[in-house]
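We call the chains A, B, C, D and E, going by the order they appear; numbering starts again at 1 in every chain.
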Amino acid sequence: MELSLLLIKALIILAVFGVTLLIATYSTYAERKVAAFIQDRVGPNRAGPFGLAQPLADAVKLFFKEEFVPANANKFLFIAGPSLAMLTACMSSAVIPFGGTLIIGGEAIHLQAIEVNIGILYVFGIVALGVYGIMIGGWASNNKFSLLGAIRAASQNISYELAMGMSIIALLLVTGTLSMRDIAAQQGEELFGISGMNWNIFYQPLGFLIFIVCAFAETNRVPFDLPECETELIGGYHTEYSSMGMGLYLFAEYVNIFVASAVMSTLYFGGYNFPFMDQLGLPHNVVTILGTVVLFGKIFFFIFFFMWVRWTLPRFRYDQLMNLGWKILIPLSIANVILTGGAILLKQEFFQ
Amino acid sequence: METTAPAQYLPADYLPIVIQFAAALGFVVFSMVVTHLIGPKRKSQVKNASWECGIESKGDARTPISIKYFLIAILFVLFDVEVIFLYPWAVNFRALGIDGFIWMLLFMGLLLTGFYYVIRKGVLKWE
Amino acid sequence: MTSIILLSIFGILNLFVGFMKSKRVLMPVVLLFLAVALGATLLDWNQPKSYFSNMLSTDNFSVGFTAVMVLSTLFILPFSRRYVINENANLAEYYSLLLFALVGGIMMVTYENLLVLFLGIEIMSISMYIMAGSDKRNILSNEASMKYFLMGSFFTGIILFGVALLYGATGAFYLTDIADAAIRMEPGTAPLLLMGLLLVLVGITFKIGAAPFHFWTPDVYEGTPTVFTSYMSTVVKTAGIAAFYKLMSAAFGGVYDQWFPTVVAITVLTLIIGNIGAVTQTSMKRMLAYSSISHAGYLMIALTSFNDRSENAILFYSLAYGVATIAAFGVLKYVADERGSDEYTSFNGLGKTNPLLAFAMTVAMLSLAGIPLTGGFFGKLFLFSAALEKDLLWLIVVAVLMSAVGIYYYFRVIIAMYMKEPAGDRISVDPLATFTLISLVVLTVLMGVMPGLFSNLL
Amino acid sequence: MNDIPEVIRTIPLNYYLFFSTALFCIGIIGVLTRRNAIIIFMCIELMLNSVNLLLTAFSSYRSDPNGQIFVFFIMAVAAAEVAVGLAIIVMIYRNVRSTDINILNKLKW
Amino acid sequence: MLTALLILWPALAALLVLLVKGQGAKKVAFGAALVELVLGVWAWINFAPNASTQFLLNEPWIADAGIMFKVGMDGISLLMVLLTVFLVPLIILSTFKHNYEKPSSFYALILFMQTGLVGVFTALDAFVFYFFWEVALIPIYFIAGMWGGENRVRVTFKFFIYTVFGSLFMLAAFVYLYFQTPGAHSSEEVAFYQLILDAGTQSWLFWFLFIAFAIKMPVFPFHTWQPDTYSEAPAAGTMLLSGIMLKMGIYGVLRWLLPVVPLGVSQWSTVVMVLAIIGIIYGAIIAIRQQDMKRLVAFSSVSHVGLIAAGLFTLNEHGLQGAMVQMLSHGVNVVGMFFIIDIIQSRIGTREIAAMGGITQNTPFLSVCFLVLLLGTVALPLTNGFVGEFLLLMGVYQYNNWMGAIAGLTIILGAVYMLRMFQRVMFGEQNDITRGFTDLTFTEKAVLVPLVVMVFWIGLHPNTFLSLSEPSVLKLLDVIKR
């Protein structure tokens, strides 16, 4: 790879990274605003216009707080925990295609930081690592609540990962590739004569449902936030954390929400494709930029959806959570795989 | 299947991942170091005790926990690996055709049998 | 092949049978399963076939060893009756594991591809790890399980590395392809090949409990609940040695000269360590463990001689050894359960209190010691004749000397049973176990009187 | 996809061989010297993974998928082994509150 | 068929006896042994006095390996079988006064052993021979081990290890020989006889085979198990061991050593002769010093067997025929002696020579029988011992004058220890222990009378038996000298 290409890549990566952080930062703000909206309050409005500088204020506050390590905690792991959580959260956004190609000077540039042929697996692998951050942090605190929270987080994450993987498999049956870019591109094809409408959600509604439930569980969001449920476990795995340790955990959660939203948009909701995209007769680059805008629209919707659910639904009980994961989602996802496979074969046999 | 991805991946194609990693690591280290440097440090014994409902904490937190969690972990390991077998199958699904589907049905049948067994055995019963 | 599928299905079925209220149905059901599997196995007799693009093939060799293993399991089961009475035990699971282990064992004798061998070894071993620890509250059982597991997976790793090297050297996992490449022995790949062979050899040596990788055997055998110990020392060993023989003959028969010195060294070492080790034991169970090491040594004599007699000799010996060992462990189980110890002393006076148990044990010991009228004698005779045909006279001298040592420790039990005052009251034995013991004795004597029935099956 | 082996072949086979042998030896040494069951267990996994690596390398160099299929099976079996192994370790831990194998000396070697 | 019947009947009878509860077992066993005796006599009557092998049975046993279950009888075999079938009922009868624990096992084992013994004497295939060789061993091990004296465990175990150890070498030799046979291998006697092996091979084969037989006989220095075992075993066991089982070794040499490895024999016969003669003298001298009657007879047995062994290796007709007769005589005499010792022990509870005296005064019948058997043992003319020893000594003398002369000492030494024992035990003052000594009961007479009759029969008309074995012995010599 030439250096220039690498530089461009690096730029895109940094851009994506920056965007990720930015969105995550403002998600905290959005969360509070949404909560306020739903509860018919005003929400943050003092720092800056409409309280827009609130996230910055929060960040500064966290930076200046005392960094605190409990006496009988394992010091190294205690610090490693939140770091790892953040690290893994930040790693996964790179493979998501944020747009099609920009043609600049005859050179096609993909609006995607990294293209790997196993994109989904990459995301999956990195997300699965996220649980280590929580587990390590909770264990290192040497606090019973933290430990319980950590263990809950771990078993919850692994339980829902199975169903998630299975729903992805059903999707793979449809797409036949593991590359995010390919999947996104496929959805740009025509469906019923409308270009850019070949979204996977039409083929995989059940799969999507499973996926989104699992995504909630993986990000430890309400109604699956048992690892940190205040009423039972004080703060769960981050009970002992203060300052930036705490900050990173919270931050990682929002980054994960962003990534999950992006993945869902890309896999099921057409990614950067939008209806009639090829039929409007616009120049290629414009379509691409429009696509990117549309994609972010989808992502913001999902982020909003996450918050909406948070302030609407109550929390599960632990046995309910596990039952849902193991006894409902997994059989359902297997059924989904079989149905999908059968349908595809039927179509192949009789309609082609 | 038409593919837009390059037909050939060089090891260097994975280099951006390293860049991404470096960026993420840089961010994490930066924030941790900065907060360490600028935050105040005042230690005391009471403050350093672990916080459990505000009363004095008893004993060590490194106690054995319910066996259920281990069972879940072990089940996960098994099922996850079995799921991994499905990935290549899923990707090559169309090429394998009916035969592949039937074989995989058999595989999933076994998987489900095991799953059913686990449920009947009460492994997933949370009291 | 049919038996692999049948047993797998039966194993799974059995798990669900276990959900029934009464545990008493389990044993008859499993016995039925095994009988069906045995029938299915024997149907393949003289009908060589291969399956899954030649990865598995059934021929008389595999059918013979499969039958021996299924039969052994059939004989072992009745001794697990005590678990049936204990309603808390996870009986169905243990039975299923036995069946699964059997599947692994069968794969180990039907393989034509190293992948299947590996899978067979692992299916069998993993089941055995669990069974070793099946007495959950007993620290000895835990320890046995742990040791077996750590050592077992360690040596699995070694086998795998060997397989990988073989693959690197030959580009194949099929025995036939490896055999071709081994005969060519290209200078470029020869070191890889030989290294791979050595590593696989080391691994399998461990699995059959031969020296110098025998050290786990006594501990694991002692800690494991007796029923499963007898399974380990019969079925697992049979599968191991058959797989070993198949590997050496089908894949490396052409390079006999290369591996002969190693194998013969292992054989001699195993014979010596097994027999000498057994002499110093005071626990019957440990003695049987060492004896199983020594029998691995005897079986390997057939491997070192490697001629047309070897297969039959191994089969016959496996059967004779298996039958006798099961009887010995069966009696040991009753005695140890009743008298609370598996030392020799707990056998004292058994001849007076329980003539049948004592008699079965006597026949078993005679057979293991290789005294005529029992199957063990002809087993040894066939093994030795195979070796003598290859002019391995010195090996036979060692083996004969070691057999004489063997008599010493086998007879200690007999002496304790008949020539000491009783150490306890009469032990009650349920009818099924009695019947099994009688069958075992009859079979042993039958093999000892009319060996022609079994000696030329392959 | 056929071209992947060529790319991999830019690194000589011996490197893979040496590397996985080194990993394998590290694993062996770990098994032999460490006293904590879990660490021993991890060393065993390291050994298995070095085998996987080696098989994959050979497989790529020979353009023969069989080696990689073998890897698949090793992974699956290793998972089963992990499950059983962890269960055993947990079982022991609950009985003796330790995973140090030196505690396990009730049976003489 | 008759041979098979002879072999199988005791085994079947043993199973039958096992089913009998209580002391009734001894009667059933005795009946069975009598049936066997009738069978034996029947064989004798139908036997054609020539060198051929008769009553042949040849069935495939391990068919694929060319191993046949081949049994049959020539003169030598017949004699040994006759000895067996004659002695076993007497031995069973001799135990009637004892009430052993678990009688059914005891008598079943005796009958079972008879199967082994008859099998050994009739086997015409090496593996069949080995098979029965060990079959005969197991019952006697249990008889001695379970019903024996104080030290029985250690002693019988030593005995067992010794014999098995030896026989394993024999087995190895047989297997080796088996592979030397041409074509599809065979382990038949005839096939072995036809083998031409070089001297070096025969040399080690000789020792492999000889050790097994020598331990069984036993020849000095392989005898160390013998006195202990004899004295610890129950009376019946001792009689079986000394009366019949010991002959297995001699028979083995005759049948499976001399003709099979003649070169080896010629190479080593001097050494063996020397050993045998050392045994003669050694046994006799030790016997003189014994205080225990049973041990005394045991050592005398070493001495006598030494002479027989020496006779065997002379490889001339006198030696071999002498050995044949002496086997019979020794069987009869030693069983009688041990029985008398058993009677004495059961009456007064000791075997110490020093503790006895004056038994004759109450027991005319016993004294007479004892004396006759004793004289037979010391080879007085007109008794059976004389015929055998005379022929043997003649044979040894032919082989080597000096050896003959030394071996001749056996008669003198034998007379010394035997007569001394008789004198101390039977004559002299009665003491407290021997005062109440009663004479023989009916069953005891029933045992001793046939023995006494045999002593005279062989002594007066040895040809009855010599003529049976003569053709076979001559034929054997031909084979050896081929």
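One rule holds in what follows: a residue touches a chain if its C-beta (ideal position, glycine included) is under 8 Å from a C-beta of that chain, and two chains touch if they have at least 3 such contacts.
Because the structure is predicted, anything quoted here is derived from the model rather than measured.
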Contact distance in steps, from chain C to chain D: 1
Chains touching both chain A and chain D: B
Label of the chain whose CA centroid is most distant from the centroid of chain C: A
Chain nearest the overall Cα centroid: C
Chain located farthest away, centre of chain E as origin (C-alpha): A
Chain pair with the most C-beta contacts: A-B
Where chain B and chain C are represented by their mean Cα positions, the distance between them in whole Å: 40
Distance between chain centroids, defined by C-alpha means - chain B, chain D (Å): 20
CA centroid of chain A to CA centroid of chain B, Å: 14
Cα-centroid distance, chain A relative to chain E, in whole angstrom: 96
Multi-chain contact sites of chain B, meaning residues that touch two or more partners: 9-10, 73, 80
Touching chain combinations (by label order): A-B, B-C, B-D, C-D, C-E
Residues of chain C that touch chain B when the two form their complex: 12, 15-16, 19
Touching residues (chain side chain B, partner chain D) in the complex: 7-11, 64, 67, 70, 73-75, 77-78, 80-82, 84-85
Chain A partner contacts - residues on chain B that touch it in the complex: 1, 3-6, 9-10, 12-17, 19-21, 23-25, 27-29, 31-32, 34-36, 38-42, 45, 47-53, 57, 60-63, 65, 69, 72-73, 76, 79-80, 83, 86-87, 90-94, 97-98, 101, 104-105, 108, 111-112, 115, 119, 124, 126-127
Chain D-facing residues of chain C, complex: 115, 118-119, 122, 126, 129-130, 133, 136-137, 139-140, 142-147, 149-150, 153-154, 156-158, 160-161, 163-165, 167-168, 171-173, 215, 218-219, 222-223
Sites on chain C touched by chain E in the complex: 351-352, 355, 366, 371-373, 377-378, 381, 384-385, 388-389, 393, 396-397, 400, 403-404, 407-408, 411, 414-415, 418-420, 450-452, 455-456
